[in-house]
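Common to both upcoming complexes is chain A, partnered first by chain B, then by chain C.
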Partner chain A sequence: MARSTRTLLVGLAVVGAGILLAALRVNPYVYFAGYVILQYVVIATAWNILGGYAGYVNFGTPAFFALGAYTAVFLIQSTRAPLPVLILAGGLVSGLLGLGIGYLTLRLRGVFFSIATLALSIVLQTMIINWEYVGGSRGLSVIRPSGPPFGSYVTFLFAVMVLLSVVAVTVARFIERSWVGRGLAALRDNEEAAECMGVPTLRLKLFATTVSGVLLGVAGAPFPYYVTFVEPTSAFNLDYAVNALAMPMIGGTTSWVGPVIGAVLLGTAQQLATVTISSEMNLFIVGVVLVAFVVLAPEGIVGLVRRVRGR
Partner chain B sequence: MKPQRIRRWALTGGVIGALVLAGLGAPTARAAEPIRIGFGMALTGGLSANGKPALLAVQIWKDDVNKRGGLLGRPVELVYYDDQTNPATVPGIYTKLLDVDKVDLVISGYGTNLIAPLMPIAMERKLTIMGMFGLANNEKYQYPNYFQIQPAGPDPQTSTAIGFFELAAKQTPRPQTVAIVGADAEYPQNALVGARELIKKFGFKTVYDRTYPPSTVDYTPIVRAIKATNADIVFVASYPPDSVGMLRAAHEVGLQPKIFGGGMVGLQFTSVMTSMGPMLNGVVNYDFWAPEPTMLAFPGIKEFLKEYQARAEKAGVDPLGYYLPPYSYALVQVLGQAVEATKSLDQQKLADYLRATEFNTVVGKVKFGKNGEWAKGRTLMVQYQKVHGTGIDQFRGPGKKVVLYPEELKSGAIVYPYSAAKN
Partner chain C sequence: MHDVDAGYGAVRVLHHVSIEVREGETVALLGTNGNGKSTLIKCIMGIVRPEAGEIFLETDGTRVDLTKRPTEEIVGLGIAMVPEGRRLFPKLTVQENLLLGAYRPQARGDIARNLAFCFEAFPVLRARRKQLAGSMSGGEQQMLAVARALMSSPRILLVDEPSVGLAPILVNRVIGKIKELKERHHLTVLMAEQNFNQATKIADRGYIIVHGKIEFEGHSTQELREHELVKKYYLGV
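Then we have the complex of A and B:
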């Protein structure tokens, strides 16, 4: 009890700090860059619930992210719904897709599951390309609501993203420490053995894919208001798939801190690289760091720290 | 506290302190002297083959201006970042330019999708913004301080096709039936909408109207279907990979319409011209610039191209630079002229001047009109003629890409029908 209270307090403190930072109105660039990094914290955390805890590698991150974004676009187009509604709806729709993908795991495992999720992304992108109402292949400009809190809409989005990251990380931490997390760990190591021991593998997998889907959709929902122009190629960008996988790998997949560390490190490095060196280097950095970690520290930074401490 | 914990806190404090200092320190690093122009540009990703030449053109302008003593007596400096052809990077890049680098003026990156996310930023801060080759970016916003250099004119949707169908309508015997085809993507869809409007206007009969997915690899079934309709006019709206695919398939299948081409992006690029060679003969296609005497008459263009071609070789970008670079140069030329004339960097004064003035540039006289587009469209229709082999040097001079439209820039006669020019 005391432990969960402390978690709650830490979470609230982070949200408070985020709001304070937003209210301070420092250099606006901080909010723009911060938004992208926090968005990756949510994405990496969400990916890790399925990929890290349950061991089902999902290459379809762009599908879930873009579905969240396009749900928001649809609602903006049809009803001009407020941001909280967009986020909830984005999470709901992506969560349903996650549930559907969960049933796929009945028949598909390992690399076959990964290929199926990759295909999912392409199928969804083709559907969006042919759906004129949300911009189709041409893309759609989204006009932000006027009079946002903190004076600027992106500052407001930054504060919202702080909140969403805290929620995502709290959910991940809760799953990890509960019987659900232990069950997922068991099925990651050996699904048949886990089933024999009485772990409800299908229910747990459905739970993991759904929660992961919800969080990815939630990360995508504010995206239209951030870029103000949504088109399929950038919404379904493969970068999201690569980063969602690379960030937890670098941070460490077994613990909730792993994706956060990975997202903050890699996200910040990418933001800095974009405005300092050329971006060809940008992708190169991700590649080199990923290979280095897989070879030298397969359990990520968290594993590395644990090993050093254990000595 | 344990020493370990103290060290950890000191480290965290140090990092936060450094970040705060970096944030505070940025404005003081601002140099008072040079005029800084900021932009994002596609230096990697899908549009980089055009983004790099565009950057080179802007750099040449900067050097030209600085050789003459700069703007308002101050040297010009460029601050640019790679947008990776990804619209999602644009908000971050321009905020960095405006709030950290403190640039005085901004221009857009290359292409419609990279201009779109810049519009709200420009409007929020009331900036004067120059757009580089965007199609109808301002139609939704109608922002008065946006100016766009692609000569599409006030009606961007029909601008690609108008010359093509006007030419077709003038030929004898007059063609009757039309086949239109294009990719499921942003530009081709726009061009097809315009084409349908023009077909109605000129009273042609549509016998084929289909689109194909951008990932298509084999174009022969599409071309066979078009051939089966026996259409007199074949209008294609395509991006570079499919332009090449369609043209190859047309030759394989032996497509023989009376007039062929229209809105094929990519045929203008040097790399495509030198790989397609004689297959281009007879194609009537849109273009923005060709080394014809009528286009070389504009002041400064020859000097610009000489400089560009010398530097392009070293930079490893498009060696001829006939499509986008003259317009990229003209874009900053216009902005520079506005700064000189108003003797100011005030965004509103610049916009007022840009709206009211006719500019003399390397691509001719530029006057902005509705939505910041050219007051009068000037998309060229050219026909490839007498292309032999795949050598690059033949494309340097006139006669290979003859300008047929508009009338005032016409440099030769159309070879009609298509089959007569084919070989």
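Then we have the complex of A and C:
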């Protein structure tokens, strides 16, 4: 009880700090870049619930993210629904896609599962390209609602992303420490043995794919208001697939801290590189860092710290 | 278990198999490789679905059909399995492996007691509890597999080839432990084994399975020992 209140307090403090930072109105670019980094905290955390805890490597992150974004676009076009509704709807739709992907795990494991998710992303992108109502291949301009609750709209979105990050990380942390997390670790290590032990593997996998899908959709839902122009190539960008995988691997996949560290570190490096060198450097940085970690610290920064501390 | 047929796809492994294990017994299921011992155990656990036949669990006058239940419910009924080849979680620690044995919701309340018991029964596991399970020796891993099954507070223990891949002295020790644990916990044990001499040391009676058929039911280890199939397969007579 005391522990969960403390978690709640820490979460609230982070959200409060985020709003305070949003109210400070420093250089607008800080919010702009900060939003992207926080978005990656959510994405990396969501990916890690399935990829890190359960060991199912999802290459279809762009599909879930873009589905959240396009659900929002659809609702903006049709009803001009408020942001909280967009976020909930984006999460719901991507969550359903996640549930569907969960049933794939019955037949596909390992690299075959990864290939299927990659294909999913391409199929979904083709569908969006051919759907004129949400902009088709040309894309669609989205007009932000006037008068955000505080600050400019970007600072407001920044604060929203702080909140979403806290929610995502709290969910991941809760899963990790519960019987669900233990069960997922078991099926990651040896799915057959997990079954013999009475771990309800299918139910756990469905849970993981759904929660992961919900959070990825939630991360994508505010995207239209952030960029104000949504088109398939940017919403389904391969960057999301690569970063979603690289960030937890660099941070460490077995703990909730890992994806957060990875997202902040890599996200910040990418933002700095975009400004100082060129935007093309982004994936190059990810590639180099990922290779370095796979070779030198396969268990990520968290694993590295544990090893140094342990001995 | 009555008149069970089972197999994988087009391959039929078990043909009209009927066996019975009564409360408190230790029953050996004897047979050489590829005769269906593991398939039989997997059928009981719901991992392989029988094509025909019935598998019942009778406790306190209630009769539960196991053939239609998922594995987690079968574990929930108090049946635990020590799988063939151990099937540990090699990248998790010994302690994490043991905790996973207690995944059954009814067993989660008894974790502290069961864990203390396992450490007492297998002191080596206490010493190695922070170590990755995959880094232990074969004998230690088998001990862990048995301990992990006990973590679910089972009433019935299904042991699949505990002797496989172990040095004879370790087989002795593992078999001895199973007997000791059985007596202390009032367990019912069904043990599939090809090592006839070891199995008959602790079994009350047994079945001999050949090509997926029960060929002989021995009501005592004496009867088993004297049967011609045993002589044929194990003594080379």
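The rule we apply is simple: the second predicted complex is superposed on the first by the 309 of 311 C-alpha atoms of A that agree within 3 Å, B and C clash if a C-alpha of one lies under 4 Å from a C-alpha of the other, contacts with A are read in each partner's own complex, and residues count from 1 in each chain.
As a working rule, a contact is a pair of C-beta atoms (placed from the backbone, for glycine too) under 8 Å apart; a residue touches a chain by one contact, two chains touch by 3 or more.
Computed from a prediction, not measured in an experiment: that's the story for all the values here.
Looking at the shared chain after the overlay, A:Gln77 reaches neither chain B nor chain C.
More residues of chain A lie in contact with B than with the other chain of the pair chain B and chain C.
Contacts of A:Thr7 after superposition: neither chain B nor chain C is touched. In the superposed model, A:Trp179 makes contact with chain C only, not with chain B.
In the superposition on chain A, contact of A:Val275 is made with chain B only, not with chain C.
Looking at the shared chain after the overlay, A:Asn27 reaches chain B, while chain C stays out of its contact range.
Across the superposed pair, chain B and chain C touch chain A at no common residue.
Here chain B touches chain A in the complex through residues 23, 26, 43-44, 46, 81-82, 84, 86-93, 95-96, 99-100, 113, 116-117, 119-120, 124, 140-141, 184-186, 189-190, 213-214, going by the rule given at the top. Only residues 179, 182-183, 185-186, 189-190, 192-200 of chain A touch chain C when the two sit together in their complex. Of all residues in chain C, those touching chain A in their complex are 45, 47, 70-72, 74-76, 81, 83, 87-92, 96, 99-101, 103-104, 108, 148, 152. The residues of chain A lying in touch with chain B in their complex are 26-30, 32-33, 36, 126, 129-130, 136-139, 141, 143-144, 152, 154, 223, 226-229, 231, 233-234, 237, 239, 271, 274-275, 278-280, 282.
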